[in-house]
Every structure is written in C-alpha cells, then in structure tokens.
Amino acid sequence: MIQKILITNRGEIAVRIIRTCREQGIKSVAVFSDVDRTAPHVLKADEAYPIGPAPSAESYLNVSRILEVMQASAADAVHPGYGFLSENAEFAETVIRAGLKWIGPSPDAIRLMGDKMAARNLAASVKAPVVPGTTEPISDIRTALETADEIGFPVLVKAAGGGGGKGMRIVSRAGDLEAAVNRARSEAVKAFSDDRIYIEKYLEEPHHIEIQVFADTQGRVISLGERECSIQRRYQKIIEETPSPFIDDQLRRKLSDTAVEITRACRYTGAGTVEFLVDKYKNYYFLEMNTRLQVEHPVTEMVIGFDLVKEQLNVAEGKPLSFPDKHLHPRGHAVECRIYAENGFNNFAPSIGKILELDFPQGPGVRLDEGVRAGQEITPYYDPLLGKLITWGQDRSEAVERMLRALQEFHVVGIETSIPYCLLIIGHESFRSGNYCTKTLEEIGSTLEEQGTSLSAEAAIAAAVGAIRRDLINTPAPAARTLERPQNSPWSMQGRKDGLR
Amino acid sequence: MIQKILITNRGEIAVRIIRTCREQGIKSVAVFSDVDRTAPHVLKADEAYPIGPAPSAESYLNVSRILEVMQASAADAVHPGYGFLSENAEFAETVIRAGLKWIGPSPDAIRLMGDKMAARNLAASVKAPVVPGTTEPISDIRTALETADEIGFPVLVKAAGGGGGKGMRIVSRAGDLEAAVNRARSEAVKAFSDDRIYIEKYLEEPHHIEIQVFADTQGRVISLGERECSIQRRYQKIIEETPSPFIDDQLRRKLSDTAVEITRACRYTGAGTVEFLVDKYKNYYFLEMNTRLQVEHPVTEMVIGFDLVKEQLNVAEGKPLSFPDKHLHPRGHAVECRIYAENGFNNFAPSIGKILELDFPQGPGVRLDEGVRAGQEITPYYDPLLGKLITWGQDRSEAVERMLRALQEFHVVGIETSIPYCLLIIGHESFRSGNYCTKTLEEIGSTLEEQGTSLSAEAAIAAAVGAIRRDLINTPAPAARTLERPQNSPWSMQGRKDGLR
Amino acid sequence: MKYLTTIGSAKLEFEVTPDTKPIGVKLLEQAVNMDCRQLSPNSFSLLIDGKSYFLTITENGGGFAVTVNQKTVDVFVQDETGILLDKFGMSDSSSDTLGKIIVPIPGLIAKLFVSPGDTIEKDQKLFILEAMKMENEFTSPVSGTLSSIHVKKGDTVNKGTLIMEITI
Amino acid sequence: MKYLTTIGSAKLEFEVTPDTKPIGVKLLEQAVNMDCRQLSPNSFSLLIDGKSYFLTITENGGGFAVTVNQKTVDVFVQDETGILLDKFGMSDSSSDTLGKIIVPIPGLIAKLFVSPGDTIEKDQKLFILEAMKMENEFTSPVSGTLSSIHVKKGDTVNKGTLIMEITI
C-alpha cells in the first residue's frame, strides 16, 4: 500500500493530486521553486521541500534535487502530474530504480509513445488509420517538397517530440515550406532538444477528439469515452467537453476500439489518452498518445463519476481498476474552460502580477480545480494555467448555460485571465450549436474581439457612474483634483490603448 | 413563460435560486433589509430593492413592502425559498391574486399541511402510521397527563405550528409535564402566534428520515428518494446524507409509497418533503410535511442529477416534470454539512462579526451553496446558516472522506463556524460506520468537545512557533514589548477561557 | 532570545534567533528547521522540518488564537523579559476579570437564574439571552459569589455589555 | 458638479451631488436612483434604478479600468474644472507618451523587425518577446517614425522596460 506520494509538479494538477491523496489517507509531499514557497500546492500538501530557483530547469526539472527530496521525505511513490517530468522515461526509470512506485505507465511505454514516429508505426501495426505523411523524419528539403506534393497542400510541419502547438506550422504553398521547416526545427531544438521534423496532410474542418484509456496490471484495458478538444488557441486547448457534439455512437465505438487496441499494443498501464483527428467526413486518424493524466481529465470524471487519480493509484499498487465489468453508464454532459493568465483579446499575451482579489464560482454542477490563491504572484516562469472550471449538466444545454453562469461569477483583480474570452466563445452560436472544429476559434476571433469591449448602454452608464464614484474616493475635495492629477505614465497609456481598441 | 422571479428571501437559498434563474435565462429580483445591502444575493441578482430595517418582521416578512417591489420590478413570479414567507398561505394567496405565479404548492395545501393536527389526520386517512399521541390540541393539564400516561413516558411536547426544535420538549416524568407544556406554549406564541400544543410518544433510537416528493399539475407525483437527517443539535439538522445508511430497499419503498400517497391526498404541486421518524425496530411514523424546498435538497440533487429549483419552475409554468418515466437511477452517495456561524463547543452559541478572510473548498465532488462573502458582517438578525457544503462520492466512504478533505480546506477568519464541529462528527466512528440516530450527537457531545481543542504534539509546536512569529510582528524590538503589553480586557479573557476549556 | 509558550496546561520553551532568515528556532536544545511566511493579515504558512502547516493567527487579549487543522487553541507567548517579570511576581493578575460576565452578542435577557449574594458554582446557569431566534444559556466560568447584576429581565443588551460580576 | 465620462468614443455627462447619500446623479436631465457601495479595495456594488451591478474598478493611468459583466473598459472621468481646462486647451497632451513602447512582462527579445529611422504604420510588427515559453508579438500602437531602439536581440528585459520610441 502506498503511504506517501511525492508530487513532482506545481499548480492546479499538484493540488488536484493532493486532494485525492488526502481522501485516500495518503500523505502528500510537494516540491517548490523559490517563487512558489507560498503557492497552494505547498500550503495544501502534508510536506513540502524547496528544490531550487524559479526557472523549471533548475527546480521542477532538477532531477538530482528531486531525488534528494524523495529520500528526505521517505516517500514511497511519485506522481509526476502532466508536463515537467511526466513523460520523461529516464526519470521514471530513476524513480523505479530508487525503489519507489512510479504512478504512470512503464518507462518503455513512455519512450515508445513519446516518439511520434514509433507511435505512428505502432498504430499502423494495429491497422489504426494515421494521417498521410512522412513516416521518417525529414532529412532534406527536396524530399519534404516531394512528400508535400504527393499528399497535397496544405500540409502540417510537426516536430517529433512536440505537442501543444510547439514546433508546428501549417504550410499552404511549396514556397513557404523550407522556412517553416527551419523555424519548426529551431523551436523544437529549443523546447525539447530533438530536431526531428515530419510532414503530414492537413485535414478539412478537423476535430481534435481524444479517448481516455485506462489499463491495469491484470491486463484489463478500457476506454472511458471521448473528449472533444477542438476549441484551441495557439494550438493549445482552451475548452473541452464530453460527449463530443460532433460524433455519433458508431464513430465513438470505432475510436474507443482503436484506442484500446493501441493501448494494448504498447503494453500500457495506468491512465493514457489517445488523440485523434476527425475530419468533416468523419474520417479519423490516430494523432498521438499522451502517456500521462491529461489536463482535461475532469470532464471524463464528471460524467463517469470515477476519480481517475484514485484509479491511477490502484494501478500503481497492482490492484484491478474499479470500473464496473460491463458498461460505464456515463451520465449527462461536462464542459471545461481553462482559466489562463492571459489576455484573449490581445494575442493571448500572458499576464503576470499579483492576484489582489479572487472569488471563485460555486453552486450546483460546478467544479473548480484551482492552482492559485488570493495574494499570489503570477510569475512568467511557468505555464499560465491558473485553474480549470468544469460544469456538469443533465444535458449539453444545461452544462453550457451553467458554464456561462459560473464564468460570470469569477472575480479576479490584479491579472488578466481567459475568463472574458471563454465567456464569449461559450456564448457564441458556433459553440452553442455544437457545430465547431479546430479552425472555428480562428474564424470567429475578430467577432469575439469586437464583443470583448462592447457594453450595453446600461452597463456603460454603470461603468461611468462607478468610475465617478471611484474618482470621488481619490479626491474628496473635487476642486483640488485636476491640479493634482498625475502625469500619465507611459506604461499606463499602453494599458489604456489596449483597453480602448 | 416566467421572465422575472422575485425572490423573497436572503442568504444561501436566495443565491441558490438566482443561480438557476441565470441558467434558465430568467431575470432575478432580490430584496434586502438595511443590513443586507451588500450581501451576496443582492450582488448576484439582476435587480435588488430595499424592503426595510434589519429585523425580519420589518423587512423579509414585510408583505406590503414586498408587494411594492413586486410591482416596481414587474416580476411575474415569486419564489419564497424556505423560512420567512415560504409556508405562509395568506402570502401565497396575495401573490396569486396580484396575478403573479407562486413557485410553491397551492395556498390550500400549505394551510392544510402547515397545521400539524390536520396533517396528522390526513396521513391517518391514507393509513400512514403516525406517532401515538394526542390528535387534538391539549386543553388542560389533566388530559395531558392522562394521554401521557396512556402512551407512556418519555413523551414529546410539541407546538402545532412549530418546527426546527422551536416549541418542542422531551418530558420523562409526569411531574415535569406542566412546566414543559407552559414553556413550549410561550415559545410557540412568540415564534408563530399559535398556542396549540400536543403530546406524542417519544421513540427509541429514532431516525429522522424524509422523502423528497415532487408533483406536477398533470397529476404526476414522484418520490425522489430519502434523506437521512438524524444528526441534529438543538433539534436542528446539521448533517444530512442520501441514501440513508440505516434503511433497506423494502423500507425505502414503503416510505416512498406513503409519502407519495400523502402528497396526492393533499392535492400537492411542486416540491415537498414528507418527514418520518423511524425507530430502531424500523417502525416508521409520519411526522409532518414541509411545503417548500428544503435546506438539504442538494444531497438529492447530487445523486439524481436533476436541478430541483428548475423542476419547481417547470411546475409553476404548468409544464410536466422532466424526471424520466420509469426509474430515476440515483448515482453514488451525497453528504451535506451545514456551515453555521456558531461555536459547536460552546453550546452552539451564535457567532457574529465581520468575515475578515474566507476561502472555500474546491475540487472534485465538492459543491458549495454559499450565502456569504469575505468582508461581510454577520448580524444577529437572521438564521446563522452561512452556507452548505455538499460532497458526492461513488459510494458512502468516498463521499465521507471527501467531506473531511473539503471541510479541512475551509478558511474563515472573523467569526466562529460549525466547521470544526462538523469535522469531528464526520470523523467520529458513529458517523463513519453509519450507525447513528437523532440521539447520537447528544451522546458523543462531550467526546467531541474534548477532541475540539486537543492538538497533536507536532501541531502544538506549530501553533507555538506561529504565535512566536506573530508576536515578533507585533514587537520588532522584543525588549520593549512587555512594557507595552495591553491590559487584558474582560471580553478577551472570556474568549480565552472558552478556548482553553 | 528565549520564548515560553503556553497552550492550555502545556508549556514549550524555545530559543529564537529572530534576526536570521529563516528565523532560527531551538526546542529542547534541538534546532528546528523552520520557515514561516505571512500569507494575509491573519494567515501564515509554516514549514517545520518539511511538514507544512497552514495557520490562522488572531490576537486574543494577551495571547493569540491559533487555528491549525481546523482546531483553535489559545497560545500565550512570553519572551525573556516576561518570564523574568513573572518570576518576581510582577505580571498583571487577571483573576479579577474572570468573574466579569459579558455577552459576546446582542440580544434580549430572557431569564435570570441568580440573584446578587448567591453562591455560584462553576458551570452553573446564570441567564438566558435570546439572540438569532435562539435561547442561549450562559453558565459561570468560575466559582464565587455573585456581587452584582447590571441588567434586568427583558432588557435588550448590546454586544460587550457587562451583565453580572462574580467575586472569586 | 458636472462630470464628463469617456468610454471609447462614447461620452456621457452626469450632474453629481456628492454630498447626499446615496450620491445624487443626473444623466440627460433625468435623476438616476443610484446607490454605490465599496465592497473591497477594488470592488463596488452599484444599484441603478433597482438594477444590480458588480463592478471592479482599478486605476489605470489617467482613468479607471472598469469591469462589468466580465467586460473591461477604460473610463476617463473629468470634473467641471477638467472640462474647462480642456476647453482652453490646457490639459496635458499625452501624444508624446503614446510612441514609447514598453513591455508589460519580463522576457527575452527574440526578434526585432524594425530599425531606427523606419517609417512605422499603426499595427505594424515591431518585435517578438519570448515569455512563459511563448512568442509574443508586439505591434505599434501608432503611426510615425522609429526614433530609437534601446535593446538588442537576445536581451533579457524586465517588466516596464522601454524598448523603442516612435515619433508621431
């Protein structure tokens, strides 16, 4: 039995794991970089140890320091969360060699599926369709051009070790291919020290749909259904839901079966996600497998009613999964919005600073997995994900209306967030109707940007009256005010300009 | 179609109703007393109107002022919540006469079931068992003594219009009967201007179990299952759960059938609760029917997945209930803790003051229906319910462990709450095992009180170190400190004494 | 500098070096690896040898009400000077304030169980205060003699009103 | 006292009586029934003729950033004196500050698209700042001529650093 888990992560996923630990009577050990001393995962864990300066390379990726904490805390298992060391096969091996339980798939499975080429080959071996394209990394630009011509433009240029939009380029004309390959390669080298690049067909109105799989050490492999992840900005997911409004039962079954076969073929254990692209004709293609818990796992939890972290612990302990033998009976519909520290109306520019005021949504059908607290400084060092808001409803419409209601209840002062942006996406006809694909956000972007600062006459009056009232607080004696008015600082003018456009 | 609902209530239930309104695209109108101008229901509603000074009689019960708001806001429906005017048949009639929809049962049903005697007779008419006792109000003390002798001591002295422990007394000896009757009568007159008192059998290890019923105008009456409400202090519920760990399927069916029959017999529409006492031998007795939404309705919502306020609106609009035709398929287990502003270790003394800091629990399986915000002043004028914490789990054990985890996440500074007390109850063997009745809390009270201030050695060191650190903040130059130390004020000594015992 | 802390009947003595960062703490000659950060006016995060504690600390008369793991205890802190003053019997006695019965909430005096001159036992019922629609029974924190009552039945009293005094 | 508020291109004039409670407000000669309460340093509750608004208001240079219904707009408030000064052309011009390009976040200057002396169009790409593992493109808020660049490619810059200046 696992007694104490070291969580080699931060933010909302570390808090998420701590919560399940507490419910299971397992001690949790947090690690923190210098700027994270008072972050929620440190405050909520049973134990917490410093692991170095702010930059991830010197702290959350600092394996030797983490090994020291493993010893000091006498933890008997390691949960890596997602990102950071979660898909690092060498780290998984190190943990296992040190005699601790690794809460994740085997290092071999991580290594295999982490290599896009190998994963593609494995998928092909179980006859899973893959997107037409190169199966070997591009060696020279001439072969690249030939392949692209063969599968037809537009094509997608992708990095082997990539993910989350990093090292990815759409190319519409042969003339742009070389520059795109070079840029993707340089980004890939910087982000994951792997310069292998390949090319694949770019699909029509593609949907990004993934299947949550789970496998135990008894040999049981199960699909927990799909997640629709087509709402993406900068190639990164921002809104997810399950079930997908796009796919039907037949396709759902096909995707599930394919995902289970792939999972079985790579001798997988634990939680994993098999990602597919599905085009407008409902053709589906295996994309990649994420060998970890996914950011958006809560939407699945909401409809199936099982705690996936708890199931991860079951597998790590060699116990069978607790899902029922036959059918899972998912119930209702769940939607997730990722709350990022960023301005959706200004090219998703990250926002940093101190969170001065913070109130979260509450009430029926609302779940919040948060990684921040009031008073916390948001630094530029890590992923800007502040937390995830998940709503559940009897049907899609209830879940969606609830999401609108819950997003409105947020109150964040001090940093900009993706909340206003998510509100407009969720409220937009494309999303409401369920009729969207990975290109939708790009298409409706300018409409959303316009809506972003347009107020009703009533709300504008309220804003004006509020500002006057606020102005009166600043200057109880109004006459003296104009003379004391400070010079506009250049930076505040910058803010002003952003707000007005 | 209802367009705008006037909510004649405050606190968590007003916020709860506003949330469903918003999800349904219905405008919400709040009313507020002078001390509630910045309370959450005012901030969250679409509109809000003042209705008078702090005391309820001059505001939340001020029918003429509420009628003015009905007109000024052009609301087309009224939701009374629970308490206040919710079970006032005259008010319901007034609302209906004014041409608005009343979100509740008919005035006749309210009047009938609000009278304990009439309700008892109605229950008897459908052969529902009732607790042996007087069926007529007690006229003189001699008849009272005769009846008590007949059904056997101990007996319960109860007020006809009562509820929530008001006007209720347990009497073990004939000699105490007269005093108890007189005191109950005086409390009853004060609380609900009705001096009718009756006597009934006091049961062995009784359980307080209630059935949530719902009836539409199409004549459909349905039971939504039971809630176990036996954890009570001062005759008021503090922890509820569903399903009840005490009853079996057979008894569940009997209670449901009886509740449905009673509901049908009084020509009920909308949401109602039929309360039963069940003794250790699983004998059950009809207690009363609450003709409104119940405080603890969320536990039912969590397992059946339906929004009961939404169903209330359906009924008010003359639409059929949206529950499926055959079975409801409740899923998992739900527990609720009422978060009161009170000290559970000091006779449940109410706590008032300003909420200086406030953080709510979050994460998987947690729902919070809150009625307060940081910065709010808790006044002595109203019910001390700050909000309700509800947890859901795959099974009872998961829901219970989650409740412990969630209660631990609360952070409230400025007032005392029932959180520490709830933590100890939920953690106590009686609750964990599901082996408890309405007397349990009294029996384990002193154990809980002892645990309330006992710290582990480690936690004590932490407390001591924290206090030293806090002390250093007060007095950066330690030497000067002792001289400046203020005289102990008598009131703070009172607090000190409470803390130490 | 030495600090003596008192929690209930337990006394813990610490050797504190306040000018180092993190503040050095020694308990029973053992150095404690302690890192304490203030999160908000009343909240602190404390790491002691790796263990994480979330503390709420508010001033409470002469001491501090500290909440840890949702349990609240009163902690009294005395530094070196305070410990010395105590040894010479110079600290202020607070026994005279213990017998002053003050209501922590506003309400109505619904019932008085005692009269001036009565001998009072600890935990004996003194009076009932009606507030928030509930009857709140007040019992004596001390044993002694009731010297005075400053209210009568039916009085509405404010928070902090002195209701009666008991001579210990 | 008269107040002129500006939100984008919209201007609203109010007649305010600040010394009454609730503060009297008139818009287009119509009295507005207005009750505004501060909830926290940056949050306000406003009731206007019964309608309830929850506002977040922070200072933003010369004006206020007001969030209502999760939409943020900049509101500039001028009182009577300010309006008069404007009429006589005496208010401070801020056009010289508009051309100062400052970064709101720390990061690495990954690419510079322009050189001193270039003619710059509004919305033209100026440079790329790498922060939070993302490339952030900065465009020009104004049209003009690039007078100076204060950084070079590869520089790590702090929040608030002046990157370049454009003469309008």
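In order of appearance the chains are A, B, C and D, and numbering begins at 1 in each one.
Everything below uses one rule, namely that a residue touches a chain if its C-beta (ideal position, glycine included) is under 8 Å from a C-beta of that chain, and two chains touch if they have at least 3 such contacts.
Just so we're clear, the structure is a prediction, and the values are computed from it rather than from any experiment.
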| item | value |
| --- | --- |
| Centroid spacing, where centroids are CA-atom means, of chain A and chain B in whole angstrom | 40 |
| Separation of mean Cα positions, chain C and chain B [Å, integer] | 31 |
| Euclidean distance of C-alpha centroids - chain B vs chain D, Å | 48 |
| Shared interface positions of chain B, touching two or more other chains | 44, 373-374, 408 |
| Per-residue overlap in chain C, given as positions that touch at least 2 other chains | 40, 51, 54 |
| Category of the chain touch graph - line, ring, star, complete, other | other |
| Pairs of chains, among all present, that meet the touch criterion | A-B, A-C, A-D, B-C, B-D |
| List of chain A residues in touch with chain D within their complex | 166, 191, 234, 347-352, 356-357, 380-384, 407-408, 410-411, 413, 419-420, 423, 452-455, 458-474, 478-479, 481-482, 485-497, 499-500 |
| Residues of chain D that touch chain B when the two form their complex | 35, 37, 39-40, 45, 47, 50-52, 54 |
| Interface residues, chain B side, partner chain D - complex | 29-30, 37-38, 42-49, 72-73, 373-375 |
| Interfacial residue positions of chain A with respect to chain B in the complex | 15-16, 19-20, 22-25, 44, 298, 301, 305-307, 322, 331-332, 359-360, 362-370, 373-374, 394, 398, 401-402, 404-405, 408-409 |
| Contact footprint of chain B on chain C as seen in their complex | 1, 3, 5, 7-8, 10, 12, 14, 16, 18, 23, 25, 27, 32, 34, 36, 38, 40-44, 46, 48, 51, 53-66, 68-77, 79-82, 85, 92, 94, 97-98, 100, 102, 104-107, 131-134, 136-137, 141, 159-160, 162 |
